[in-house]
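Right after this note come the structures.
In what follows, chain A forms one complex with chain B and a second complex with chain C.
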Partner chain A sequence: MEFIETLSQMFTYTFLVRALIVGLLVSLCASLLGVSLVLKRFSMIGDGLSHVGFGSLAVATAFNWAPLAVSIPVVVLAAFLLLRLSERGRIKGDAAIALISASALAIGVFVVSKTTGMNTDVDNYLFGSILALTQQDVVLSVVLSLGVLIIFVFCYHRIFAVTFDETYARATGIPAGFYNTVLALLTALTIVLGMRMMGALLISSLVIFPALSSMWLCKRFAAVTICAAIVSLVCYVIGLVVSFVYQTPTGASIVLVNLAAFTIFYAISRLRMLRGA
Partner chain B sequence: MTDPVTLITCKDLAFGYDGAPAVHDVTLTVVGGDYLCVVGGNGSGKSTLIKGMLGLLKPLAGTLCFEPDLKPSDMGYLPQQNTIQRNFPASVWEVVLSGRLGRLGLSPVYHRADREAAREALAVLGVEGLAKSGFGELSGGQQQRVLLARTLCAATDGLKLLILDEPMNGLDASAKLELYAAITALNSQQGIAIIMVTHDVQAAVDYASHILVLEGRQAFFGGTHEFQHTRVGQELIRDSCGDACESCGMAYLATPGDNRAAGATHRTGER
Partner chain C sequence: MLQLVDVYKIYHVGDEEVRALDGVSLAVGAGEFLGIVGPSGSGKSTLMHILGCLDTADFGTYYLDGRPVEFYSESQLATVRNEQIGFVFQSFNLIGHMTIAENVELPLLYRGTKASERRELVHEALSQVGLWERRSHRPNSVSGGQLQRAAIARAIVTRPSLLLGDEPTGNLDSRTGHEIMELFCELNARGRTIVLITHDQSIAKRTNRVVHIRDGKVVA
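This part shows the complex of A and B:
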């Protein structure tokens, strides 16, 4: 009973309702895209993009520009760039990502220190704040995440084929490059939307954790995808409640809940293996 | 069966990257029902030629002609296995069905015809019992047969040409034999022309009707019988015998003219 009371008390706060709506949508998008990204060894792209997001947020704040209006195009551009570099650049993928993310972080810190100074804003960008969401953000997030979900569902089989065997897909006339780009674009949007709530340093965990957790237990692509989505949503809600009840930072709480889920799934898969053996 | 048609004609063909040819002067024809093995060392241009034939590279020189009735969907391709696939969380069914993707059009889901084609392809390769298994849990040989099934069900009205890039990589001896048997069956029972890249010269002699030797350029193209009587062929067979002798019981140490005797035990009848 106490739990339900806590919940109903939680959602009398508008900012928590906003956080719940945006968070659930972003978690769902991130986990669906994450399966492909992890399997394609693109996990670090999410991480790189969030750092670029931090840089662009810092610059936008410094010049008093609308944060999302600046971040979205910049991060999308970075996504294209990262994909191109990791595909055929002279610098190898992981090095390219490290290069870009460190540079973006440095630009962000540099600009912030020269303008507003290293204040709570920076702290919020890096580690997230659920107070940051405005009504407008919620609307934009809902629209964009629905867009991401629709495109994902529509391209599901194509994303599978391109993830599983890009060479074969190309040879049979499927524009693999195009679907890689779609994947990068959707990831960029998801990262930007989730970044301010989860924090630039923590958002990529929403992409990576649910996929990895469900891969311990599921052996079918569809099952992995659905399981990742459920894990992600459940972990988000638990993390949000934990952060409210124990007054802990939201982003970090959600990541820790995801870590717990990952550990539990791993333990179950080990147990299964032992029984099978 | 009607008269075999010429599926592919190459004349003085060259493919390469950034304008530098990796393989040149390729002149050959592939006729319906042929079984062509492409042999050559690393960097001899085998994979480049295959990419070119699949239309992934533009010819730097020469001509590449396909039979006008040969639609892209009549050609199947089995690429070299990549490391991502080995432990990929997908069921056999999902993998095979993905072969139908090219025919999906704008539809986001597969239809009954797609599922039937997938089921049929699994049956042809004798892996229908694996449909629900995880792809990552299969042996290397089973994985390759599942991937062959995917290629098979991609074809609309029966595959006419199947291109395989080193399909035997990483397989143990018994898995290789099984896969060769499966490929030979596709060739002889369904009349599918095969182009297979391999560095196993002995297997090429055993199974193929034609052999193409690449060394950055075309060093030999012709029938397998002819191959065994050219110097290029005899040298390659002798070299490959070096590592195969333990299994083939020294038969190939005999004079070059005799080496067909051992090969013939693996293959019944010449096309």
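This part shows the complex of A and C:
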């Protein structure tokens, strides 16, 4: 009852309603994409892109440009670049991500220090703020999540093939490059939308944690995907409520709830193994 | 059925030019069972990629069923691979958490075949390779030979006109390798065109015709 009362109290604040809608939709997209990214060993792409997002937001703020208009194309471009570098470049995937990630962060910090200074805006970009969300974010989140869901439902088997065995997927006539590009594009958009709420340093947790937690308990791709989506949504709501009740930073609260879920799932899987042994 | 005319594939490693295929011409008739033999680095895998439409030649022409494929777009090549070619790899490429039947069913799922037809085709493919009884097993509970049989069933489940094998016996002991070759011979006897790439002469001898490749050239 107390929980319901807290929720209804939360819904009296417009910014919290926005945070709930955007957060749930971004969490759903991030968890669905996360399963493929983790299995393809692209987990750190989310982290790299969020740093690029920070750099672009810092530049946009410094020059007084619209944040999303700058960060969406920049992060999408970075996603394509990371994908190409991992596939064809001389620099291997993890090194390419580290290179781009550190450079973007440095550009952001440099631009900020030379212009607006390390003010509240920059702090919000790094660690997130639910106050930063606008009506435009709500609309974009709805459009993005619909896009991700439609692609997942209609291309499920193809995404599955590209995730598990790209060589065989190509051999059976699946344009793996196209699906990799779609995954990168959707990840970039998810990162940009979720970044201002979760923070550049924490947004990648929405991509990685739910998938990893689910993999402790589920073995099949469909089960892992559904479980990851549920875990992500539940953790988001709990994290948001914790943040509201205890006045803690939202992004950090959500990550800690995800960490708790990961630990519980790990413990359950170990118990199962011990009972089976 | 397929014909390569003066095909070149050139890679650049630093300043050095490596001719993986150096003017290869080759023809394979429908129903033929061809073995392509060559040592490591001879260009046989590049040849396999071009024959399987996984890659295109830099120069020369590749005719598949009389049509040149070098001007095909990536999506057209993907369609050719999906409809006409079945692949068998050295490392089986089966998905561990799925049963043998589910693995064999995958190419049909990718192309959107109806469930009833899928069941029929999976039954047919697994029966042909003698694995129907093992359909519910997972890859980690069957032998290496059975894994490769499952991979062959998956390659033929779409009824492709061409079956390509890239060192299909490479991960098997010699007795199991010859059993797999027996299966390829049976499939060929039923009219399927097969091209196998191997470095093992004893395996190649089981095919109807052997082509040797060395330094990117067909030498015999």
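One rule holds for everything that comes next: the second predicted complex is superposed on the first by the 277 of 277 C-alpha atoms of A that agree within 3 Å, B and C clash if a C-alpha of one lies under 4 Å from a C-alpha of the other, contacts with A are read in each partner's own complex, and residues count from 1 in each chain.
Following the convention adopted for this analysis, contacts are C-beta pairs under 8 Å (C-beta built on N, C-alpha and C of every residue); 3 or more make two chains touch, one makes a residue touch a chain.
Just so we're clear, the structure is a prediction, and the values are computed from it rather than from any experiment.
Engineer: In the superposed model on chain A, is it clash or fit for chain B and chain C?
Structural biologist: clash
Engineer: Give the label of whichever partner, chain B or chain C, reaches more residues of chain A.
Structural biologist: So, of the two partners, B touches more residues of chain A.
Engineer: If you stack the two complexes on chain A, which partner ends up touching A:R41: first (chain B), second (chain C), both, or neither?
Structural biologist: It touches chain B, and chain C stays clear.
Engineer: Should A:K219 be classified as contacting the first partner (chain B), the second (chain C), both, or neither?
Structural biologist: It touches chain B and chain C both.
Engineer: Between chain B (first) and chain C (second), which does A:F11 come into contact with in this model arrangement: first, second, both, or neither?
Structural biologist: A:F11: touches no partner chain.
Engineer: Mind working out whether A:F63 is in touch with chain B, chain C, both or neither, as first, second, both or neither?
Structural biologist: Once the two structures are laid over each other on A, A:F63 reaches no partner at all.
Engineer: Report for A:G177: first if it touches chain B alone, second if chain C alone, otherwise both or neither.
Structural biologist: second
Engineer: Touching A:A161, do we find chain B (first), chain C (second), both, or neither?
Structural biologist: After superposing on A, A:A161 lies in contact with both chain B and chain C.
Engineer: Across the two complexes, what residues of chain A are contacted by chain B and by chain C?
Structural biologist: Residues 157-158, 161, 164-165, 167-174, 219-221, which sit in both footprints.
Engineer: Touching chain A in the complex: which residues of chain B?
Structural biologist: 54, 56, 72, 77-80, 82, 84-85, 88-91, 94-95, 98-99, 101-102, 104, 108-110, 134, 136-137, 147, 150-151, 154
Engineer: What part of chain A is in contact with chain C in the complex they form?
Structural biologist: Residues of chain A touching chain C: 157-158, 161, 164-165, 167-175, 177, 219-221.
Engineer: Which stretch or stretches of chain A touch chain B in the complex?
Structural biologist: 39-41, 153-158, 160-161, 163-165, 167-174, 215, 218-224
Engineer: Residues of chain C touching chain A in their complex?
Structural biologist: Residues in contact with chain A: 52, 54, 74-75, 78-83, 85, 87, 89, 93, 95, 97-98, 106-107, 109-111.
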